[in-house]
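Two complexes follow with chain A in common, the first pairing it with chain B and the second with chain C.
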Partner chain A sequence: MIWRRHGRDMLLVTPFFVLFGLFGVWPVLRSAWLSFTDYHATDEPNWIGLRNYAELFADERFWTALANTATYMASVSVIAVLLGLLLALSFGSNSRPHQAVRVAFFLPAVAGGVGAISAWKWLANSEAYGLFNSIRAAIGLEPARFLGDPQWTMPVLVLVGVWSVLGYNLVIFVAGLRAIPEELYQAARLDGASRWQQLLHITLPNLRPTLVYVSVTGMIASFQVFYEPYLLYGAVETLGGPLDSALMLVTYLFDRGFRQLDLGLASAAAWVLTTLLFGLTWLNLKLVGRER
Partner chain B sequence: MKWLRLPLWLLVPAMLLPYYWMVAGAFKTVAELLRQPPTLVPQAPTSRNFFNPDWVGTTADPDKLAGILQVQVDGHGFLRFYANSLLVTVVVTVVSLLAASLVAFVLTKKPFPGSRWLFRALLVSMMLPWEVTIVPNFVTVAQLGWINTYAALLVPGLAKAFVVFYFRQAMLSVPDELISAATLDGAGTLRIWWSVVLPMLRPALAAIAIPVAVGEWNNFLWPLLVVNDAATLTLPLQLGKMAGDLSFNPQSAAVLMAGSLLASLPAVVLFLVFQKQFVAGLQAGATKG
Partner chain C sequence: MLPAMKALLTQAALVLGLAAGAPLAHAARLVIWMVGDDKTPQVMQPAVAAFRVAHPDVAVEVRDVPWADAMTKYSAALASRRGPDLVTGSTSYAIALGAKGALVDLNQAAPDLARQLEQHANPGALRAIRRPDGRLYGAPFDMHVQLQYYRSDLAAGAPADWEGFITAARTLRAQGHGFAQQWGNTSWLGFYPYLRQAGGAVYDTTCARAVIDSPEAVRALTYYARLYRELQAPTDGWPDADGGLESGAYGLMQSGTWLLSRMDMVHKGLVGRWAAEPLPVGPTGKRTAVLGGTVLAITRFSPNRELALDFMRTVYQPEVTRRMAEAALAYGGMWLPSGRQDQIASLSLPNREALLTQLADAEGPPPCPAWMRQDYIVTRAVQRVVLAGGDPQAELSRAATVMNRALAALGAQP
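Right, the complex of A and B next:
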């Protein structure tokens, strides 16, 4: 009966769900299992209990990666959310100049990728002819080793991170601002509310869902940062850059899993990362998303 | 808040700086790249970073280096990598969108016992970060013997759960009456999807196609894992290799800037043409998500 009514429709979606099962569901179960094994890509995996997790938490590099990732995520999220909001409030109209400004900010979201990061690498070149160092020279400073001195790693990464996500935040905030009914502002103006009062009592409370969305997605994305530090700092042997100052969680996972072929440990790292992401999202929803 | 706007205007040139420097660098001569302070506009624009007529193969002479179009890796050149990226982007975007829209249509308008569970499975998979699947997927692809093949680049990206969800929202605008009318006329599910649903979903297709395509075009980590043979190398991989080179000297940087410019161009053009759809797609995700 079910077959006669729905059989053809079920057949139509079968190819999709076969692929989804093979590359979307099965790997989830398999990585959970592998995280408790000593799998090294060649021999059959053997169950070793929690040893991968113990090794992970005992590894100093893991904690370095976690600390770097947390610093990066917090800095990028806070700066990009505040600046994105400020930009949306300033350049949110439909006038031509404002639209053009938004395009400029949004460009990295589209034409980011390896090409743009290469351009950043060229800008931040440690040699005296690099543009950043030329600017330093113009104001009388010595050349800095932006890509070689661990002190500079985080500022450079955060700068590039904010640069790439800012336009996205701006566009989402503009949509959120437009969704606030104009009548609320009209009523407030009739009551003699100043612009600041309007911002505090109408704009921000009504923008809360957008704020939650932007900060949650932003934090999740920056927590998983990989190719920016990899390209800017990941030289041949030391993926983490100078003194591991650019070592992120995903870089660590990549290094242990695909360079040292510690696939069991890499799976454990992936599940720790997932747990941290869930915790982070939950915290964020609790703090920012509280009911008014 | 007018006073606030002034410093914000200054951010605009800062945002564009990497692109500007990429374009400027791509057209500078080696001598000019070393000049201090640097020139803001190429004084003697050259196309040598793209194609160097004096190229003689391996040499230490910076004037005789290969332009980006002459760069060869095991007998395959830049255009091959470009074509590989284009192939992956087009195939994955077209197939994944068609498949996802069909699945969303069947699950919402022609539900069958268990279809709600399929939706739930899709939702759960969307909540998990991709790191969880990457190790087993690498193992699967290796066991299938797909390393260094197009299959490794294409197949795992074809079933995209988030696109199904996106189309589920869009499907709300397709009236049920239209579907039942077409069914009464004797049209099958496939036919209704193709001639009724897809035309109605055109704006939604355009809106989601762009982020999907851009994501594929810029995809870096997955190709890095499954491809290292020159024949299947994609553009970001080749540029990443060139950027990762420790000897980041001005000559190779200029060639890299030329390559980066060529790699960024399609995305920029696509974006400038389809701006409205692009922004609409993002905002739809934000307000409904």
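Right, the complex of A and C next:
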């Protein structure tokens, strides 16, 4: 009966489910299994129980990578959300200048990638022609080693990270702001509410779903950061930058999995990363849900 | 329902047809992956042409694999057991792959080739790839070493020894021209030449114990730190040292031999205003440089092992090797055959004397399986001294302790 009524529909969606299962579900399950094995790509995986996880948690570099990633994620998420919201409130109208500002901020989302990071590398160069150092020289400051001093690593990475997601956040917030009924503001104004009160009691509560979406997706993306630190600080012989200050979880995973061929341990690192992301997302949703 | 079924069946038939037809394309096919850029396969073309004279029925496919993707692509190919027949890769990576059983031991599979390499390969390149137990998971393919480059219009000559180097660099710095190390800056690779010049090593000869805390190593790191403390060398991972040489920001720099053929092409303003010399000698009288480059190896899963071995024998024929080097020079590259170093002298290379002198005293990374897992420990010790003002003795002792603890846990596998 079901087949007769929905047979054609089921047949049409079958290719999707086959491909999803093959390239989505199967690799994830396989990676979970590999995380309990000693696997180097050359021989069959060998079951070793929790030894990969034990080795991972005993590795000082893993904790460095985790701390760097958490700092990066917290900084980029908070700054990009606050700035994005501020920009959306300031440049959210349909006027030409506001549209131009939104386009300017959204450009990095379109032009991002390896080319953009190469441009950042040039800007932050320690040589005299690096833009940042040119600015410092113009105001009488000594040149700084933005790409060669561990103290500068996180500020540079956060700056690049915020720059790359700010435009996206801005556009999503503008869409969220426009979905708030204008009548609410009119009623508030009639009641004598100030702009600050309108923001606190109308805009932010109504924008909460958008805030949650932007925060959660931003956190996930920040936690998976790879090519920015890899391109800015990685070299053939080292991946973590000065004193591992640019070592992120995914960089660590890449190093252990593909450079050292410890694919079992890299799978364990991937599952720790996934678990952390699940936990953070759950916490975020829980906090917002409780407030509701 | 019928049109949808038809479309699905047509697609399925097409996929099956393509899959079934693929193996019929060639009777025998040799696939070679080379790390590098899109011009790199041109180097291999003379070898392919010579090989096909003897094997006209064998198709040879040479593909370039960018350095950044090499490790992921090789790992994926190994996992699928359907990878290329031959690969080129960095020396350290080849040792790591060999240790995992991914590569063919040439000593066992082709003793004639191993003997030939023994006679003609660069000794440092061969030492770097040969394991302490004698196994040889690849053949030295090409090499680069560090050289010192300087502005010949600003300095009369290159410094000859460690102290002379500091003095010359200080003089240039007082005139507004600094010093920069490019290849390996503030990492184990930048420190390694000084370690070897001082008579130190990372591991003992059996690879069972780290000896990075020796007095020689401490002396080397103390000196290396002076390059940054006294000469204020940049600490970026890869400073634009050749650009700085052109602008005058640097009067003296250290980088790889690939710049010899590129310098005039990329930096027009430097034409006739630069020179290259071997590294200054250290306290033991050695001027050892790091020997980088690639290794040519056969994958364990290759179904064409004998053909692949024949191809390797072709590559290391003197005439073929020379044509390969000339092919690289033709496109502005530099391919220095580490497996047939005897052919380098006959090539028309810029700064040949300096190059030959340095090649005679060059060492690859430690040929120990644990090295790929432990190189960061040495880099961290170097950076703690250079970037954070740490004490060389304390940092190297700490590094040796961590390395030896890990070696003990690994069972000190040779």
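Quick note on the criterion: the second predicted complex is superposed on the first by the 271 of 292 C-alpha atoms of A that agree within 3 Å, B and C clash if a C-alpha of one lies under 4 Å from a C-alpha of the other, contacts with A are read in each partner's own complex, and residues count from 1 in each chain.
Simple rule for what comes next: contacts are C-beta pairs under 8 Å (C-beta built on N, C-alpha and C of every residue); 3 or more make two chains touch, one makes a residue touch a chain.
Small disclaimer: the values here were computed from a predicted structure and weren't measured.
Student: On chain A, do chain B and chain C fit together or clash when superposed?
Tutor: Aligned on chain A, chain C clashes with chain B.
Student: Determine, under the contact definition given at the top, whether A:12 touches first (chain B), second (chain C), both, or neither.
Tutor: Both partners, chain B and chain C.
Student: Of the two partner chains, chain B (first) and chain C (second), which one does A:207 touch, if any: first, second, both, or neither?
Tutor: In the superposed model, A:207 contacts neither chain B nor chain C.
Student: Is A:168 in contact with chain B, with chain C, with both, or with neither (first, second, both, neither)?
Tutor: Touch status of A:168: first partner only.
Student: Is A:243 touching anything from chain B or chain C once the two structures are fitted on A? First, second, both or neither.
Tutor: second
Student: Contact-wise, after the overlay, does A:125 reach chain B, chain C, both or neither (first, second, both, neither)?
Tutor: both
Student: Using the superposition on chain A described above, determine whether A:263 touches chain B (first), chain C (second), both, or neither.
Tutor: In the superposition, A:263 touches chain B and chain C alike.
Student: Quick one: classify A:40 as touching chain B (first), chain C (second), both or neither.
Tutor: So A:40 only meets chain C here.
Student: Looking only at chain A, is it chain B or chain C that touches more of its residues?
Tutor: B
Student: For A:86, select first, second, both or neither according to whether it touches chain B, chain C, the two together, or no partner.
Tutor: In the superposition, A:86 touches chain B alone.
Student: Between chain B (first) and chain C (second), which does A:234 come into contact with in this model arrangement: first, second, both, or neither?
Tutor: Both partners, chain B and chain C.
Student: Taking 3-11, 57-65 or 255-263 from chain B, which overlaps chain C after aligning chain A?
Tutor: Only one listed stretch clashes with chain C, namely 57-65.
Student: Share the list of chain A residues that count as touching for chain B in one structure and for chain C in the other.
Tutor: 8, 12, 15, 41, 125, 128-129, 234-236, 254, 257-258, 263
Student: If we count contacts the way the header does, which residues on chain A are in touch with chain C in the complex?
Tutor: Going through chain A, the ones touching chain C are 7-8, 11-12, 15, 40-43, 61, 125-129, 145, 147-150, 233-238, 240-244, 254, 257-261, 263.
Student: For the complex, which residues does chain B have touching chain A?
Tutor: Result: residues 1, 4-5, 8-9, 11-12, 15-19, 21-22, 25, 33-38, 99-100, 102-103, 106-107, 110, 112-113, 118, 121-122, 125, 128-140, 142, 155-156, 158-159, 161, 188-190, 210, 214, 217-218, 220-221, 225, 235-236, 239-240, 242-244, 246, 248, 250, 253, 256-257, 259-261, 263-264, 267-268, 270-272, 275, 278-279, 282-283, 286-287, 289 of chain B touch chain A.
Student: Which stretch or stretches of chain C touch chain A in the complex?
Tutor: 1, 4-5, 8, 67, 71-72, 75-76, 78-79, 90, 93, 96-97, 100-102, 184-189, 234-240, 243-244, 247, 249, 300, 372-373, 375-376, 379-380, 383-384, 387-388
Student: Considering only the defined contacts, which chain A positions touch chain B in the complex?
Tutor: Within the complex, chain A contacts chain B at residues 2, 5-6, 8-10, 12-13, 15-17, 19-20, 22-28, 30-31, 34, 41, 86-87, 89-91, 101, 103-108, 110-123, 125, 128-129, 131, 134, 137-138, 163, 166-168, 171-172, 175-176, 179, 195, 210, 213-214, 220, 224, 226-227, 230-231, 234-236, 250, 253-254, 257-258, 263, 266-267, 269-271, 273-274, 277.
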